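What follows is chain A paired twice: with chain B in the first complex and chain C in the second.
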Partner chain A sequence: MRFFRQLVLAIAALAVVVAYSPQVSAQSGKPIKIGFSMALTGVLGAGGKSALIAMEIWRDDVNKKGGLLGRPVELVYYDDATTPAKVPAIYTKLLNVDKVDLVVSSYGTDVIAPAMPIVMRSGKVFLGLFGLDVNHKFKYDRYFQIMPAGPNPAQDWSRGFFDIAKEKGLKSVAIAGADAEFAQNAVKGARANAKQDKLNIVYDKSFPPSTADFTPILRAIQATNPDIIYFGSYPANSVGIVKAANELGLKAKLVGGGMVGLQFAAIMKNLGPGLNNLVNYDFWVPAKTLKFPGIEEFLKKYQAAAAGKGVDLLGHYLPPWAYAYMQVLGQSVEATKSLDDKKLAEYIHKTTFNTVVGPVKFGKNGEWATSRALMIQFRGIKANNLDQFKMEGTRVVLKPDTVKSGDIMFPYKK
Partner chain B sequence: MDASLFLNAIAAGILLGGFYAAVALGLSIVFGQLDIVNIAHPAFIVAGSYLVFALNGGFGLDPVIAGILLMPIFFAVGVLVYRVYYAAFERTGRESLAGLAFFFGLMFVIEVLFIIFYGVDYRLVEADYIGKQIEIGLVGIPWRMLVPFCAALAMTGAIYLFLSRTFLGRAILAVSQDRLALQLMGADPVKIKQIAFGIGIATAALAGALLIMIGPVEPTIGRLYIGRIFAIIVLGGMGSIPGTLVAALIIGLSESIVTTYIGPSWAPTVAFGFLLITLAVRPQGLFGRQ
Partner chain C sequence: MMKISGFWIGIVLMLAAGFVLAGVADNQFLFFAGYVILQGLIMAVAWNVLGGFTGYVNFGSAGFFAIGAYTAIALHQFAELPLLVLIVIAGIVCGLIGLGTGYLTLRLRGVYFAIATLAMAIVFESLITNWDYVGGSAGAYVITPAEVPFFDSFIEMMFILMLVLSLICVAVSRYLSMSRMGRGLASIRDDETAAECMGVPTLRLKLISTTVMGVMMGVAGAPFPFFVTYINPLSAFDLLIAVNAIAMPMIGGTAVWFGPVIGALLLGTIQQIVTVTISSELNILIVGVVLIAFVALAPRGIVGLFQDFARKRREGGK
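On to the complex of A and B.
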């Protein structure tokens, strides 16, 4: 009996050695530390946590293949609680105390912008995750942003929405945006597009992000009788807007634009048919035109990892991009065989990267060289069904034409 | 002036004010009458929202009914929290700063617990009437706002009657005015205060149900309401139940009218400006005593 027990232990020990030996030998040396703050709680916590899951999947994928430069990858991160004031201290700590080798950003414009001065002072390459027009004033040549907003992000981001309006011959527009960095950048771009297309702006106002009821705002907009209504809003606002719009039977021909949250599984499921015919931005949806190598495999891994963690269960919106910005960084480190920020920045500027979100090429200002911000339309949505959003056809890609998957149902409400 | 727009702005403001009253009511008792700065009150409201979400999703219970069912549990939790607060701070006279830190800490603990158990994703409830509205002449009233308004009115009325018509209610009012006199009458102020604190926390269960009916909830969303809640309590006159309702209606109405005619971003400024003017003219608040 004793001999048998010793034999089992010996076999188990051998199995552990065999299982781990290739990784140990391939990943010798100090880990490469990648530091970042992440919105794990607060207004953008739902998205931030799903982004972190994607980044951890990337780390595990890379480490399984032997790490970067033969060294294991380690993620060092802190919760910024979607609070801009916390961000500078976090990046100072990452750079000076944790001594990370590379830095990437948190999720969202509001928490990326405050990190910029700290990162710029250190000369680090900075990969951004869904920052809208953050580099407009900083003009930092080592900043690269993964959201496919295009070279003129504020305007390119909503260009597709206004192109649809132009094609349909619409004349007047109402613009409403939350009083916060991202939403204000979004409505600034929408305003520029409206002026460029010589649309009559009949309503142009901001609202506090803490607005509890949107009925008065929508009634005030309705009173101006616009053809188009463009919203720049955060998740809680977007839900309030969609509910109020359906309750009062908002009449306009084209409604939506820059509404964050309508890409999240829990919100889409709850709003259900109330979403039908809305035209809103998105970055990836199930469509034949957007099937890139690796995306389905990544989503399977993400959906398995996300189950039971209280985060977005579909992972269509942010996670593929969180994975992709880490792919860009990883591919650059491998190609330059270096952690030198100057070399990395030069390489990122000149390279087209193959990622799970398709080919990524950055322009001079660190934004995508060409915009691929999608304008999608919700179509035929039924109540209380999450699985329908995994199918093609419930979110039809209207713009850009290069990845279009269907034509618009027009108008929003007859 | 468009009559329809004006009437709808008034209706929306009244409905919103009713909701604000429900959210502020519990703290009006705790802060206004017991002088306990329970900064964690919005976190209790969010806790109510999450438990209502669980009952709504798990058993298909109507959010308002779920909120009412949770009230006794919240009452018991409130009593327990007060016992801890009393033993640790009030009894030793350290309630001012240390007590405030205690409630700050409690707020973070509640938030983190919900982050651990539910994650940070947005949570919403479903009910047949959410998403529909009734038309009365020129005015459209969404059920999503009407139900919270009616529930808030009923809760405010019930608490007002309880405080003004029952022995226990009068004892609560007495403890807020003269604790020593109450002791001399043979009543135990600590027991009275723990019941009052329990009632305050019990209202958070129903307020949480109303919050999640109106919009999506995540663990830290309660922080958005802290400023508004304290403004309503101060404007109404610390601890006055009718004052809390009237102040909430004033804030709701002013927000709605300013949103409709001037712009939504001015709404908080005008509402808080109104608070400052009122306090300059009547420092004790609308229904407060000198």
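On to the complex of A and C.
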């Protein structure tokens, strides 16, 4: 009996050694632990899951190449359920109990901000994923945010949209935004841009984030006869707006702006031709001007990994950025040959990183030094076809001029 | 010689244990987790004053909690007052709102009262969402000090503060439950009409009950912005906060003062462990499943189960 037990133990130990041998043979030493909380459930759960897939692809890519500083990379993460109150405890555990070497953020402003004081007190470099202007209060010089909204995020976000309006000589604007964090920041920026361009604001109102039927709101906007309609909306709102806009036949010449959700594969497929001619923000679309080294390879891996997991199947919106913020961290560790946060922060401040989302250079406040928030126009979209969004030309980049891929189809509805 | 009850010895021991923990423990995670559990404990005790002792089910807990939090934010924006002052003022504000809500809604009973409290929370959420001074829908940030006197860290101070507040709330709840007033509240819960006929001042007692509930909820909410450092209406008025405040007393037992304490410590601890072991979303599932199980199988909560068990043993021994 005793011999049998020893035999089983020996076989089990051998199995463990064999199972882990491919990675261990490539790298040696203690793993470098990268800790974070992630919105894997809750309001931003679907996005958070897709970000995690991208981060795991990065981890596997790095480990295949021998890890960082010759050590394997390990991700240590907990689900924050998109609940801010959970975040402080999670980051404390990551730093005090799990003793992670590096930290990155969860997805979204709500869950990045509560981590800031904890991370700041530990002096850690903190890479942020899609936080809008989080650092304006904290002013932490080791915070870097990957979303390309620019040094003045709220206003830079919609600058391209208003540049188009300016070029077309449009005069009046209606602004409508959901009553919640991102949308209100977006419409605040739009308002500032409209005032800067001396546009006549004929409608400026909020709506509850739970609004789905936009017919009454669009009728009210239509009655003011604006040249431009700027929306700051969440996915469910955006769907309702596009449907109502098509039913009512809006007369405005430029429509769109800051509509979240119109970047997601399922929503784009669902809305189909209803999206045509709408001008909206995005961060990456298939276009010759945005074909950065590694992006196609990454998307292939992502799309294979995402199948059947209930996440965005295309992965154009958030995943490349989740991969890129890990690339920034990884490249910094390799270049400084260190995990020292002071050295890493100094390096990140002065370096332009080559990532799957293109060259990334951070400004003083940790946001992108120059905005690269895209204004794209949906064109020639057909019904019920997801693959069309993988092709160039269905989303034409209008702004910024540096990555422009085509001219605007104007006005919104002929 | 004056007799000191076991309760007060327990309170002193809990307080001493908190200070010892603060002095000894290096693991800051304990303080964060402890803070959340104690916050839940105050809310559970507060909910039980109205829902358990008086029998008026309140779905608006998150509303009072959020008003406490936003009172602190408003005053912090106006003049950076000390946290203790903010807590006291938030308690007073929420107490007054509790009193006002009581006047307006206590003529309603049962499900109508519950719906009215839920509606009240939605009204307040709309007001806060449109009040730019406290950040409106975009939310507000609070920068907490890196160092605090007498404590190693800010969170250590917050933990001790929450412990003191919890113990005060438990003491008040126990007093309410065991005093003449508590018997009046119980009579309202059992049969309000009969209580009224027997000369119990039902309206006055119910107003005291809503006011005390409001004060405690406000006290729990005021330090919250300093704990999370960023607050917006969606997170402050989160329905899960209200659900937790109901689930904890239901699981512990609503009829006695220590029922919500047991429920909060048990459920709060499980939730903290689950967050860092399995999944945060499981928290919601756990709350739901445990709540259904207790409502169906042990409607008087853990305390009720123990009482039944003790009674059966006594009867069996005879």
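Basically, the second predicted complex is superposed on the first by the 388 of 414 C-alpha atoms of A that agree within 3 Å, B and C clash if a C-alpha of one lies under 4 Å from a C-alpha of the other, contacts with A are read in each partner's own complex, and residues count from 1 in each chain.
Everything below uses one rule, namely that a residue touches a chain if its C-beta (ideal position, glycine included) is under 8 Å from a C-beta of that chain, and two chains touch if they have at least 3 such contacts.
Quick caveat: nothing in here was measured; it's all calculated off a predicted structure.
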- Could you classify chain B and chain C on chain A, in the superposed arrangement, as clash or fit? clash
- If you stack the two complexes on chain A, which partner ends up touching A:Asn246: first (chain B), second (chain C), both, or neither? first
- Query: So, does A:Asp179 touch the first partner chain B, the second partner chain C, both, or neither?
  - Reply: both
- Message: If we overlay the two complexes on their shared chain A, which of chain B and chain C does A:Thr92 touch? Say first, second, both or neither.
- Response: second
- Query: Which partner does A:Ala81 contact after superposing on A: first (chain B), second (chain C), both, neither?
  - Reply: both
- Task: Using the touch definition from the top, say if A:Ser206 reaches chain B (first), chain C (second), both or neither.
- Result: both
- Could you look at A:Gly42 and tell me whether it touches chain B, chain C, both or neither (first, second, both, neither)? both
- Task: Pick one for A:Gly406: touches chain B only (first), chain C only (second), both, or neither.
- Result: neither
- Query: Between 131-139, 185-193 or 293-301, which chain C stretch has C-alpha clashes with chain B?
  - Reply: 293-301
- Shared contact residues on chain A for chain B and chain C? 40-43, 45, 81, 179, 206
- Query: Tell me, which parts of chain A touch chain C in their complex?
  - Reply: 40-43, 45, 78-81, 83-90, 92-93, 96-97, 109-110, 113-114, 116-117, 121, 137-138, 178-181, 183-185, 188, 206
- Item | Complex interface listing, chain C residues touching chain A | 26-29, 31-33, 36, 129-130, 136-139, 141, 143-144, 146, 153-155, 224, 227-235, 238, 240, 272, 275-276, 279-281, 283-284
- Would you pull the chain B residues touching chain A in the complex into a rising list? 2, 5, 8-9, 12-13, 15-16, 19-20, 111, 115, 117-124, 126, 130-133, 140, 142, 144-145, 214-216, 218-221, 224-225, 228, 255-256, 259-261, 263-265, 267-268
- Note on the structure: Residue positions on chain A within touch of chain B in the complex are 40-43, 45-46, 48-49, 81, 176, 179, 205-213, 215-217, 219-220, 223, 235-236, 239-240, 243-244, 246-248, 261, 264-267, 270, 274, 309-312, 384
